[in-house]
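To keep things simple, chains are lettered A, B and C as they appear, and every chain counts its residues starting from 1.
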Amino acid sequence: MKQNNIIKKVREESPLIHHITNYVTVNDCANITLAFGASPVMAHCIDEVEEMVSISSALVLNIGTIQSSSIEAFIKAGKKAISLGKPVIFDPVGCGASKLRSDVSKAIINEVKPSVIKGNMAEIKHLLFNKSNMKGVDSEESMKDAEKISVELALKTNAVVVTTGKVDYITDGKRIAAVSNGTSMLSKITGTGCMLNSIIASCCSVNNDYLVSSAVATSAMGICGETAEKNLNINEGSGTFRYRLIDAFYFIDDEKINKSGRIKIV
Amino acid sequence: MKQNNIIKKVREESPLIHHITNYVTVNDCANITLAFGASPVMAHCIDEVEEMVSISSALVLNIGTIQSSSIEAFIKAGKKAISLGKPVIFDPVGCGASKLRSDVSKAIINEVKPSVIKGNMAEIKHLLFNKSNMKGVDSEESMKDAEKISVELALKTNAVVVTTGKVDYITDGKRIAAVSNGTSMLSKITGTGCMLNSIIASCCSVNNDYLVSSAVATSAMGICGETAEKNLNINEGSGTFRYRLIDAFYFIDDEKINKSGRIKIV
Amino acid sequence: MKQNNIIKKVREESPLIHHITNYVTVNDCANITLAFGASPVMAHCIDEVEEMVSISSALVLNIGTIQSSSIEAFIKAGKKAISLGKPVIFDPVGCGASKLRSDVSKAIINEVKPSVIKGNMAEIKHLLFNKSNMKGVDSEESMKDAEKISVELALKTNAVVVTTGKVDYITDGKRIAAVSNGTSMLSKITGTGCMLNSIIASCCSVNNDYLVSSAVATSAMGICGETAEKNLNINEGSGTFRYRLIDAFYFIDDEKINKSGRIKIV
């Protein structure tokens, strides 16, 4: 897949990525954004989100530790970003696990109309059918109809949909990219999904073909996971893997994506 | 002490551990839960805590960065968990350092009736006598009457009490386990107490003898600390120790507990 | 510069440092405080901040992830600390990027009268002139008039002003210290500014010449950054750098400051 030097552009332009995200993995999101060459800002107060969006190049909305009182800030920030033509990446973490998350997810999709929706199979399925069998925030759904479901949600929402799993599917409803990079170690640490949002947002902010940007970002996460795992010595587990993943993002470039990326347009 | 393959069961069943915990160490709690083979979910909004408890196998309540407005969610989640027969691990961080923390701790103990209460000597003493000489959140109390105090609080609350220190005492009021694993390096990083909650919760969710589960968990923390310290090279300090602790939990198994665990029933 | 064994004193007295800080880097602040030999407590609820200040030796106020509802707690804690003669370190993160942050910063400076104000050039300039050209929270301003601006703000606020950049300027309006330790790697991870607050607070709590304490703290951050970078092997990037920085603080002592510190009284 032709990918237009997206990472080079991120490192040159150092886009400011505004995150309204959960407090569990927010530090990892900030560090991976910096390692990737972009610049993070985290701000969630309703009194300032519109200003922060205005000086930023992309917005990440992640409901991982949502509070009822913060929903309005999500919507306000999201609408502002879209009105300014800036990409909004929405991660409906755990939607389906509680009514609150389901309601918030629907509201964000309907009112904000995000540019990219990224979730695991259970979350994407829940957004489409309003039901799923979830075990917390990790999907146990079969991936076999992931492709079909992703296309349906993309058509319904006009967003690029990124469905993560053993194979990641990225689609705008017409084109479909299947990314098969990665390692199971990525699920042994918290926050790889959240960090992926930061990378997608960084790529989308320098390249407005959001399908291509999201596919490159997703492949980058997989490749960096592979690199981090390859470097593990004996007695090194998920603790070491976590910082090596950041190291891998510090060194990733377009050449590595072109060489090791397993991105297939299906 | 006979310990029934608790860690093996955690890795097989991968129980979902619901945390309502502080924002300082929440990422470490999530990562150590994953390293240990369980699955973390962090959710604190009152509108969803009951649903999250319902799909989880255990609940951790930690008041490390409590807000007055969040007390109700702690109580609601805790009562729901107990009503469903799921273990509730309560950590009264810094109780005694402020009236708020003392009041919240009393309310949680009285209304939730937690399964396990875990604290340092100053916190446990404060819960029992409603006074202590605290320096912030770290105990400087002598440990000599730790055993006696722990038994008294266990009898008063019907909880398993875990009092951490040079020797950790775990008691249900009748049986007492003394655990003497560990290293002073564990106090050179933040969050080892919080991470211990996650490990206790994981063990309790697969083994309903909470005294044994808590003793195994406490011993595991000590052994993993010893392992992490042993692997330190020159110029490696608390930064390296921190991720090596997670690595050690990634590899811990029941055999290591049986071999290196210093658990004595006193 | 004569520096009075400040680090030795921190390690001997282990002062308790109360932080009201952002949730992005709060864990790093806690860990660096511990690595440096002090003791952290994080508490932001208005119902307990005065009690926490009372048992602490210094207070850090950092508005990195401010909410409108928490302003009152910042002011209350700050005023209490000053009334008790304890140093208050204020970091106006991103002031100038939103009206909220500008207003809060002004309120804290006017009502609390902090002992030390620490920011990058854009933030310090904004505090002085009420305008700046900011790109998010990272300064792109020229440093050439940093010295002059710092002196003016110090005279206006009666605080020691720390303006960070390639050269860091620390001034009480009369004396000026220029610190030229450091490496650009410090800007490749999040939180080095926030961590510096913890180190300044630790030093100020054992040495009440806040200019000297802040200069030593700032030099320590630069030296530890240099040490962490020097130890990087091939394929080790910002992920590794981050924990090596904590390691460096675990081993820093006054001798290293005296030997490697580039502190010039200008």
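Rule of thumb we're sticking to: a residue touches a chain if its C-beta (ideal position, glycine included) is under 8 Å from a C-beta of that chain, and two chains touch if they have at least 3 such contacts.
What you see is a predicted model, and the numbers here were worked out from it, not measured in a lab.
Under the stated contact rule, the graph of chain-to-chain touches is complete, every pair of chains being in contact. One copy, chain A, sits rotated relative to the other, chain C; on C-alpha atoms the angle is 120 degrees to the nearest 5.
In this assembly, the C-alpha centroid of chain A lies 32 Å from the C-alpha centroid of chain B.
Among the residues of chain C, those touching two or more other chains are numbered 23, 27, 242-243. Of all residues in chain B, those touching chain C in their complex are 22-25, 27-28, 64-68, 94, 97-101, 134-138, 187-191, 235-240, 242-243.
Of all residues in chain A, only 16, 23, 26-27, 30-31, 34-35, 39-48, 51-52, 55-56, 231, 242-251 touch chain C in the complex they form.
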